[in-house]
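The following pair of complexes shares a single chain, subunit A, combined with subunit B in the former and subunit C in the latter.
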Partner chain A sequence: TRTGSRQHTQGGGVETKEEQEEKMEKSEQAAAAFPPSFSVSEIKNKQRRHLMFMKFKQEKRKQKLQLKKKKKKEREALGDKAPPKEVPKTIENQRVYDETTVNPEDEEVAFDEGTDEFCSYFNGLTNPKVLITTSDRPRGRTVRFCEQLATVIPNAYVYYRRGLALKRVVPQCIARNFTYVMVVNEDRKVPNGLVLCHLPDGPTAHFKVSSVRLRKEMKRRGKEPTEHSPEVILNNFSTRLGHSIGRLFAALFPQDPQFVGRQVATFHNQRDFIFFRFHRYIFKNEKKVGIQELGPRFTLKLRSLQKGTFDSKFGEYEWVLKVSLSAVTVFFKMQEELCCLI
Partner chain B sequence: MQHDDVIWDIIGNKQFCSFKVKTKSQNFCRNEYNITGLCNRSSCPLANSQYATIREEKGQCFLYMKVIERAAFPAKMWEKVKLSKNYEKALEQIDENLIYWPRFIRHKCKQRFTKITQYLIRMRKLVLKRQRKLVPLSRKVERREKRKEEKALIAAQLDNAIEKELLERLKQGTYGDIYNFPVHAFDRALEQQDEESEEEEEDEEEEEEDDEDVGKSEFVAEDEVEESDLSDFEEMNKLRTSSDEEEQESSEEEEEEEMEVETKASKSKGKSPANGSAARKKRAYVEIEYEQETEPTPKSRAT
Partner chain C sequence: MGDTSRLCSVWLGSETGILKGVSLSRKQAFNFCNTSHLSRDQEVRALCWGDPAESELLVGSVDGTVKTFSTEKGSFTETRRCGDPADGCFTGLAVLRGSALVSCVECGTLRVWKEDSSEPVTELSAGKNVCRMRQSPVHPHKVATGGKENGLKIWDLESPEKPVFTAKNLRDDWLDLRRPHWVRDMAFIPGTDKVVTCTGYHQVHVFDPSSPQRRPVLEVEYGEYPLTALSLTASGDTVVVGNTHGQIALLDLRKGLVRGCLKGLVGGVRGLQCHPSQPVVASCGLDRFLRIHSLEDRKLQHKVYLKSRLNCLLFSSRDLEEPAGEGGAQEVKEEEEGDEVWDSMERVEEKPKRKTTEEEEELQKKKSKKKKKN
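Showing the complex of A and B:
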């Protein structure tokens, strides 16, 4: 009986809907003289509201299509005299100029860079020596990721963590002349975080790691990377923060890349996501270059930058990522225009 | 009156006890005053009017005792004695308080006290070690970030960016002399004023080098061989008439000539017209190159 009654009401509802639609249309036509005083959202019945909204959308789509066709015809008719095509707005086009963008000739910046923690590297005094480790009890994927990272970064050593506290690891590394400690954090058998600590009291950066592709998961990949030191490409690190992060990455690799190896490691910053790629390139002629992806690839997103070495309690944070649940904030802290470092 | 046997008969065996937890092999007792945690005749705090337990609060151990004299006053039923932090002294305290009590309760109390002190020690040690902090992920945020990352990847156009950067570095000359691409060198030569003399000198050098390559066969790609100026039109006509014979006869020579053309083309685009070896025509994947200076056997020119 219940279902019967429901059907009855449904049937009745449909009929009434159709009637209502006709009425609406009539009222719309009649109301062409004065502006309609109803909006789709005021209809209380959900089904009917949904239907009206669908119709409204269809109308809009039709109008858009007609407009497009008209424009196309006009453009064809004008031929050469047609106005240039409008460029669609992208985030990159609409970027507001950020005051913290670094001007390459800025004296203050140059002075800062001359005296900061990386100066010894950039002056050629120290060679990078990287220690790669994981969080406790790493699973196979993380271990393989660390091994592949060690092949990409020359002069890198992988060590098992074995439950040591990072605060005790750091002085030991300093004693053995390491310049970097990289800790790959693991969650649910997958690497998801990276702590990059520059050693003689350098800055500590904490990244979120996502979309890790190991070497064997790559399509059309080349052979194993050789022992040659790769070149480094750093794209779009143009604000002050981006600059310091860029130097952090640059100091991972030795200063003199071996061009014979034809390998290049790229850190590309786009909308605050840093994409890491490792390629082998070959110049076919001076206008064309072919690249073949070799090594692992992953994306990083900076979560926090700390001034000293790793200290979660008392550290001085230079920058912390703030996550807002409600409104979508679109401030890109690390990127402005293209600014490439070698 | 407190009839322990009757109570046990009821709650232990026949009817319901709310503290009892039954599993396949064991019965457990969830009563907080139970000394062993099992559901037994001797361990049930409800069915024993004289009973004692050890319980700990915030790292402090207490001895609780229940006697039949206070069975009528539930609020004052349990006597609480604070035990000392020293293990041996606490054991003596237990002995002293439970003197003349049944052996079972005394033994079990001491056992329980030992266990409690052991786990308290372990807790204190663990606090000093590294604590794993669980950071909760917000699903909404994660979903949003994933989408943003995908869009950023598309916007990045990584391959193009990398290729552009590499080509720029090549142009700026960071690679030094490793890659010798001729147009670059040619452009530089154009900028300088004494072009022609340089070309002539290099022509002679090229010819000498070419003679060395004669006789060796090399596989040559078609694409790189470019058609130069059609200055020598006569040769083109001759080519058309006398093609077939030449193809059969002078295959090797063609190869050599192609090779010479190849080396010349690879060295400079613009220098070939100066050489005069212009007329080249692509025909059925066979290219015939005629050189005016070093003309091979007249076979190739026979009509």
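Showing the complex of A and C:
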């Protein structure tokens, strides 16, 4: 069988050059029938082209298997002296330590956090009061999502948007002592964005929402959540940016959780995605816990963090997600390490 | 304390009130704080050199005090009360003839303070909502102010009644509506009389007071977000602007085109400055990093994490020494670099004083070399 030009090189030992020379000779012999720079893509007939390509791939796969067998034999032959196995590159392997990771003993960061916009909440002076609304004319799914969010977050009120401008809503909320405004944005009957604005003069975070699962879509769920304040778990918010976002989420819930209710809300950050889950737990004995998932579940990705209340045109941004078009993807993490994928 | 402050080539003011000095050759940042406990009142809003020899820094804080920091000693030497916090934060600080201090606050009051008295010598009102005040490097008694709905005004401090030049707003747009204008930052172009401003409506304007036209001579638009900081390069024909999204661009003033963008900054730009002699620009902002880019190839040279949000920055005019890693020939190289630094620095009139400080510096350097050796 004649295959396409052997453009691929084989890894491995010193034999490469000799092998290539052999191949060249063979292909030159076969070149009588085919022009030297033949490639599968030049065949105009789709079926034949497909067949040739399949053959080419099979050849490649065969050669790869042969190479693997050879390597395995060599490794067995060498026995103890064999070189150590190479570790494959993964995203987690390629991480670089992020210098903005917060050191718990750092005074400056502690002072910064102690006097930032959330200090009145963390000092116990204010209680959270959340206003949940949507973009204009929401559809059923978004409405139900907002209602379920209101059961999860204590002291939350859902209001219909009525086409009002957010910049006008914000001062009215401040006057009525709200501490948060949460706006769920809807696109094509599905919630896809979230703007979380901390009220007196606090930061505004804009998230992309995905994978929303409402209560009736969840399997093996428990009964409706009760009025007790849940405990809050924040995982992996370790860099400076992560700290700010973590505090933003923590300030949504009242400071003293009611352990009687046995409910817990989890914000788990992994690779810049924040997963929200709401569970009810019960300790069967000291070591075993049973959990039941209640409530909606969704994932968030931070798009921008703006200093000050909602002002997308003239506000100053503390962090903006920049989508890079090049092949180098960099994750600026809210988690420990900064990761570089090449 | 004194050794560390003498090494620093970039000075930054942060929101927590800490003055930070960064030494790029050693890749280290040092914190200098006035009080033992920090407070948000001390948030640094304006920074300027106290004297041409760059041995003193003037730090303006939110609570209306101006502190003098000596780079020789590494500590704050003086505090002066220059206005009420009710007036607003400092939008500009400048030094006049060595001993007088010019300060401008947000409510528009521009004051000239003398060394001893607590009352201003001259006071004038530059309108409301002033965003920035800058002093002309060539004529120290000329200052420019600008703000929200408050156009560019150039004042001569010797005759403070009326501004020397008031800029006119742009022509009404195609719907005959008045164009809003919001001057965020400005700079005097060396060599000519012209002033460059950047606005909150993503425009860059060049004004020429010598021409009869009070409207901008050149208008360039960049991006969709307010431009917050501006800096001129040493050559005077390129300007670096930064906006609230962290985009920094190089604009050419001859034709009004965008030369290129500097990448890396993720938060709003608060401070930008080009080095007086090297083709290097430093930027700082809300993302808590100091970044130094080279102007020729627009690549990032240094990036330093400083834990608080940064408000303003200042370059010292000496050379940013090359990054460490020379190895054995350090001693010889240091001496050579030292000579280069002193040769490239501008001459000051008071020669005897200079000589003694030079000698002191060399002694200190030798001491630090000895320490390193040990």
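Remarks
The definition used in the following text is that the second predicted complex is superposed on the first by the 238 of 342 C-alpha atoms of A that agree within 3 Å, B and C clash if a C-alpha of one lies under 4 Å from a C-alpha of the other, contacts with A are read in each partner's own complex, and residues count from 1 in each chain.
In the analysis below, contacts are C-beta pairs under 8 Å (C-beta built on N, C-alpha and C of every residue); 3 or more make two chains touch, one makes a residue touch a chain.
Nothing here was measured: the structure is a model prediction, and the numbers come from that model.
Model built by superposing both complexes on subunit A: subunit B and subunit C fit together without a clash. By the touch criterion defined above, A:S210 reaches subunit B but does not reach subunit C. In the superposition on chain A, A:R240 contacts subunit C only, with no contact to subunit B. When the shared chain is aligned, subunit C comes close enough to touch A:K307, but subunit B does not. After overlaying the two complexes on the shared chain, residue contacts for A:V289 are found with subunit B alone; subunit C is out of touch.
In the superposed model, A:K44 makes contact with neither subunit B nor subunit C.
Of the two partners, subunit B and subunit C, it is B that touches more residues of subunit A. After superposing the two complexes on their shared chain, the closest approach between C-alpha atoms of subunit B and subunit C is 8 Å. The residues of subunit A lying in touch with subunit B in their complex are 90-92, 136, 163, 165, 210-211, 231, 233, 235, 259-260, 264, 266, 268, 270-273, 275, 277, 279, 281, 283, 285-287, 289, 291, 299, 301, 323, 325, 328, 340, 342. Interface residues of subunit C facing subunit A in the complex, by the touch rule stated above, are 15-16, 18, 31, 38-40, 200, 225-226, 228, 244-246, 266-268, 286-288, 305, 307-309. Taken together, the subunit A residues at the contact with subunit C in this complex read 99-100, 106, 108-109, 111-112, 115, 240, 307, 313-320, 322, 332. Residue ranges on subunit B touching subunit A, taken from their complex, read 130, 132, 138, 140-141, 144-146, 148-149, 151-153, 155-156, 158-159, 161-163, 165-171, 174-176, 178-179, 181, 183-184.
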